[in-house]
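There are two complexes below, and they share subunit A, which is joined by subunit B in the first and by subunit C in the second.
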Partner chain A sequence: MGKSPTTKDDAQALFHSLRSAYSATPTNLKIIDLYVVFAVFIALIQVVYMAVVGSFPFNSFLSGVLSCVGTAVLAVCLRIQVNKENKEFKDLPPEHAFADFVLCNLVLHLVIMNFLG
Partner chain B sequence: MAVPVDNLTKPTPPSSTLRFAFGNVIAFFILLLIGVLAFSIRLFSVIKYESVIHEFDPYFNYRVTQFLTKNGIYDFWNWFDDRTWYPLGRVIGGTVYPGLTLTAGTIWEVLQSLNIPLSVETVCVFTAPVFSAFAAWATYLLTKEVKGTGAGLTAAVLLAMVPSYISRSVAGSYDNEAVAIFALIFTFYLYIKTLNTGSLFYATLNSIAYFYMVCSWGGYTFIINLIPMHVLLCIVTGRYSSRLYIAYAPLVVLGTLLAALVPVVGFNAVMTSEHFASFLVFIVIHVVALAYYIKGILSPKMFKVAATLVVSVGLVVCCAVVAILLAVVASSPTKGWSGRSLSLLDPTYASKYIPIIASVSEHQPPTWPSYFMDLNVLAFLVPAGIIACFAPLSDASSFVILYLVMSVYFSGVMVRLMLVLAPAACIMSGIALSEAFDVFTRSIKFYISNLSEFLQTDAGDTLPGNNVSPQNEVLKNEKKEDTLKERPSRKNKKKEKENIEKPSVKSKTEKRPLVLPVEASFFALFLTVLLGGFYVVHSVWAAAEAYSAPSIVLTSHSHDGLHVFDDFREAYAWLSHNTEVDDKVASWWDYGYQTTAMANRTVIVDNNTWNNTHIATVGTAMSSPEKAAWEIFNSLDVKYVLVVFGGLVGYPSDDINKFLWMVRIGGGVFPHIKEPDYLRDGQYRIDSQATPTMLNSLMYKLSYFRFVETDGGKGYDRVRRTEIGKKYFKLTHFEEVFTTHHWMVRIYKLKPQKNRIRGKTKKSKSKTSSTTPRSGTVKKNPWH
Partner chain C sequence: MLLFAICLRRRLTLQCSKPQQNYSVTPKPPTLEPEVETMANFSIATVFIASFSLLLSLTHSFSIENPTDRRILVLLDDLALKSSHSIFFNSLQARGFELDFKLSDDPKIALQRYGQHLYDGLILFAPATERFGGSLDLAAILDFVDSGKDLIVAADENASDLIRSIAAECGVDFDEDPSAVVIDHGSYAVSETEGDHTLIAADDFIRSDVLLGSAKIEAPVLFKGIGHSLNPSNSLVLKVLSASPSAYSANPKSKLSTPPSLSGSSISLVSVVQARNNARVLFSGSLDLFSNKFFKSPVQKAGSSNKYAKSGNQQFVTELSKWVFHERGHLKAVNVKHHRVGETDEPSIYRINDDLEYLVEIYEWSGSNWEPYVADDVQVQFYMMSPYVLKTMSTDKKGLYHASFKVPDVYGVFQFKVEYQRLGYTSLSLAKQIPVRPFRHNEYERFIPTAFPYYGASFSTMAGFFIFSFVYLHSKVYLQ
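Entry: the complex of A and B
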């Protein structure tokens, strides 16, 4: 039984270090992260709803879930490009990255509206 | 190769920027010329024959395009075609890849609005050459991303002329591959561009180009499996970067959505195994991205703790998910793959289970000579290109290597897929040739600069605009560093050797062309140009002689000039002028598209081959004796039967040669057709040694009816090279209505049922009871 307290301690220490490291990130990145979590959460709700009610208009289900997942992925791409610690993107102005994000979202939602049925 | 040029524009502005600008202008004009070349080399069939649509599949695409231009796009999406697969019909909107027809329709609309009155047929015929010019430019862009401008131009000119691509995109070959190859190369170019720049804008463009590819061709599954494979390769070889995530993740989400928008694909985009690889790698790349992110924010010790925790928990979850997935996939008999994809993965699958796929000549494996015929010189430049890609290895060059390896494998399975190998081979060969030219010209320039240095008293900067002189200075500096490093450190010999080796290797590679005399590089340059000359000669020959036949018009040269065999169009024109609009025509499925497009009559089966039982019905009818065949055709409301016969002129692709497939496919569904009944000693024969079943079959009778009248009683079949078995016979249930000039197409009409049976009622009662239902109201089921 000597193992479990150490793993429990390890888990707690890990949790603390994760939390402290994460709180050091700038606010704008935290907002993007919150948006990603929100989008994934909505996608999960839709999946649970489909499991309860059935998948009859399958294209609507697919477009709903994929729009949430899609906008989450695009937000992650935005976060990568805006993050100041990323050496590869230091020449990219954050406004440019945001404009790309908006454009991509426009295309995504245009397709979603077409597919929603 | 852009790097040395950049270094040179900075120090000496006027002459080098001028040379740079001059080079750019020349590159632009070269590209323009490459486009013109790609367009013109495909025009041989228009010059030799006429501006006509070739083969079989393009006629269907042409008919669909005609419908689109006449009725508009909403009717096109909702079109239910009742002129084919009678009595089943075909949902055109949901079963056709719309990219090609929409492209040609749009081009026609644009030209009409500009008051340029080109007919739909002209637009259809010339779509393929125009898009091959675009494909050459796309190859330039793709290879420029991998290796630089020189390699790009070489690859573009190779693709403009490669015989494998010419064979499927001559003027008149209005088929899906004409636009699909352009879409394929363009999608790959945008993927590599996104990978190199990490821009989300290019990722969006990549998804839209992928959408165009999905619209155009069923081969889009190649893209959606190759890109995940490449991402996996990058992750496994330690080349994961955030640009990889940006290149891949939006493509999967947006790409799946766009693929599901196309009616042909629909929900297959998320439910068939062809797409599962992309989802799997989507999950993998997210796990890897998360792992890298946590590694970045945690200290190493904590990261180890996190890793052990995650591995122990995650492994259990992973196993559960994989078990569920396997159960779902294994529950379907084909493991979720479609028949065509399975026949690619397992080449023996089609011949065992789906004879229709096995019977198409394009689906056979290629022979070794066909690689040399279709790729020529590229076949042995490709390995050199692979080596050139490895030095240095970047994300883009690893992608091109993977693309080449996969396409070589698939081209070995199916000869039709040599078309997918062609762009990869051109890119690799372009890289190899460009590297070779680099080495040769660099050695010549070095020699010339050394020569002029030797002739002048001072060395270096006085030479006007000589771009080799900075390289000389670099070499001299490195040599000085070399000697400096040798003196202080006597200890670490390995490090010393490395330091010495690096600059000396560089100076060696600079010097290697000069180790051999400069004459060797001149000679090698001359030989490389000669190699290119051989390639050009072969490509032009292949385009002119081998791949320009429209196959609806045949020609032959004899001592008294050129003979033209226009029998197919003669037969279709006869049908369209001499039969009713609603009459049904039965023939083997090869001619279905042409009959609906040119003769405008309803057919029973056509080239789409989606219903095996219906084709087996027609095959059974062709293999049965006259009475049984009449019953089958009558139950399908058929009025006319069309057979193609090449015995008089020696045309080898006629129906008697295809007869074995009729028997096999028919026998696969209706067990009373047994293949051994038609074989004598394991061969299909039509001479006096043929089996009685063969001599009584409908196909034999319809092909050879009155054939003996052509050569005075002998009945010599020029294709099978024997005299036929049964020479004099009459047809009881069919009557001949038309035979074309060279006897290549023969059309027969079903005789109507007799009103009364003469003389049978006087026979015994058992016979009357069996014969009276015939003239009565009940139609017997012909095959029970």
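Entry: the complex of A and C
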């Protein structure tokens, strides 16, 4: 075909290249990514609910959103520390990273339970 | 009284103290033994209580709370008024008032002595007096009204500047022209003698049962004198008897060169003022309105064929004087109470969304005792900068008014306010402050239904964390 490449072709090409690159990542990182997506999804549900109903027990809303955001942030931190391509954390054993992750999550959930009311 | 008490104690000590022993070097002052001391104290206490209650009973006899015999000072230009207006004065005396007649230039006139008022009411039937005798002057009369006492002032065509200035201070402006009288060619009283139409038959009364009584005044009222006008923005003065639209105020003997300043229904013939301290003042432009001659004469209004054997003057003056001397339309509100529904004692603080009930008793003085006041428009406000709740109170017809409502969802310092101002009645202005607190921490529901999605989200992130860590630790990459 003599047609010049359209934007639709470009987008499709970009999408395909992303998918192929992503499938090369190790499985544990993919699990962490899935966990982050789950947390963000829960946060979005809560924000939509608050927009509909109003912010009456505002502390409960904040507690719910904070739990989602906090788990997402901690999961991202774990991913950074565990990723073998990351030069900065080359010497950090992944067990150390996971133990940090677990302890931080414990603190996070303690705070959430207290603030939930 | 105090000296008597001290002497009593001294006498008791001297009689009952022990005799001094001879061997004491310095004379001891007489000391009281305990039982003598208590007896002395008891007698002093009874003396004090007796004198205090005597003083209290004296002050009560002059107050509005117990006005069973009221003293009225009547100032006259001419003692002949005592007999020419005798029906009016006798009707006042029959209602229990003590009238004290004095000539207006009597040097012994005094309204107050040592700060206490000697009279409860003042009638000024002295229109031509320039100066009063004794200590009475414009300031003293205004002071009298300011202290809550009532006043009746009658003027006529030779009204002096003093009378005009008394009226002006109370908001009633007599016509400035000293020789003007009210003339009405449209509704004058038909009579065989006078032809200049200055004797008017007026029947434009204010519509108020409390001011003029519940019986309708059928016959017109005869009036001969000067007119006055009221400032329409003054809410304290009321026109009780207005002139007809064809009336005007001018000199009957001279030709009318300019249009008269006062004309039509804006001329008031008789007005009343109810001051903010509930003192009542009556201004009449005609002294003859109160005279026996006008009370007894038949009246026929020009242009109408109704002939009345007796004018409405006596009924009008009697009913209006009842109002002026607080025998009608004087309200008092007592026993303000409020409590939560279901309880009886008054709490010092309410919580938002509480159910509460407010009670007040309102009575009206009937001339001899306090009767329950019955109305359906008394309202209570729950007020903080603006009324959050405004409720009409219902009555049990025995003077008790109650309203129950829910405290609004706002916390702060509120007031229970009852503001009751009706034409002819004394104004009631009650305010009682009460704070309202928000919910305490443990007064909310334990689990708020609106927040269930947030509870669910938090627990689901916790579950997600457990599942994730389980999956992550057992994933193939990690176990390798």
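One rule holds in what follows: the second predicted complex is superposed on the first by the 112 of 117 C-alpha atoms of A that agree within 3 Å, B and C clash if a C-alpha of one lies under 4 Å from a C-alpha of the other, contacts with A are read in each partner's own complex, and residues count from 1 in each chain.
Just so we're on the same page, a residue touches a chain if its C-beta (ideal position, glycine included) is under 8 Å from a C-beta of that chain, and two chains touch if they have at least 3 such contacts.
If you're wondering where the values come from, they're calculated on a predicted model, not measured in any experiment.
Chemist: Kindly classify A:C104 by the partners it touches after superposition: subunit B alone (first), subunit C alone (second), both, or neither?
Modeler: A:C104 contacts subunit B only, not subunit C.
Chemist: Does the superposition put A:P93 against subunit B (first), subunit C (second), both, or neither?
Modeler: It touches nothing on subunit B or subunit C.
Chemist: Once the shared chain is lined up, is A:G117 touching subunit B (first), subunit C (second), both, or neither of them?
Modeler: second
Chemist: Between subunit B and subunit C, whom does A:Y35 touch in the aligned arrangement: first, second, both, or neither?
Modeler: second
Chemist: What is the contact status of A:A21 with respect to subunit B (first) and subunit C (second): first, second, both, or neither?
Modeler: first
Chemist: What residues on subunit A does subunit C touch that subunit B touches too?
Modeler: Common to the two interfaces on subunit A: residues 63, 101, 112.
Chemist: Given the complex with subunit A, which residues does subunit B contribute to the contact?
Modeler: 198-201, 203-204, 207-208, 241-243, 245-246, 249-250, 253-254, 256-258, 260-261, 267, 270, 289, 294, 296-299, 302, 305-306, 309
Chemist: Subunit A touches which residues of subunit C in the complex?
Modeler: Within the complex, subunit C touches subunit A at residues 448, 450-451, 453-455, 457-458, 460-462, 464-465, 468-469, 471-473, 475-478.
Chemist: In the complex of these two chains, what residues of subunit A are touching subunit B?
Modeler: These residues of subunit A touch subunit B: 7, 10-11, 13-14, 17-18, 21-22, 24-25, 58-59, 62-63, 66, 69-70, 73-74, 76-78, 80-81, 85-86, 88-89, 97, 100-101, 103-104, 107-108, 111-112, 114-115.
Chemist: Show which residues of subunit A lie in contact with subunit C when the two form their complex.
Modeler: Going through subunit A, the ones touching subunit C are 26-28, 31-32, 35, 38-39, 42-43, 45-46, 49, 53, 56-57, 60-61, 63-65, 67-68, 71, 75, 94, 98, 101-102, 105, 109, 112-113, 116-117.
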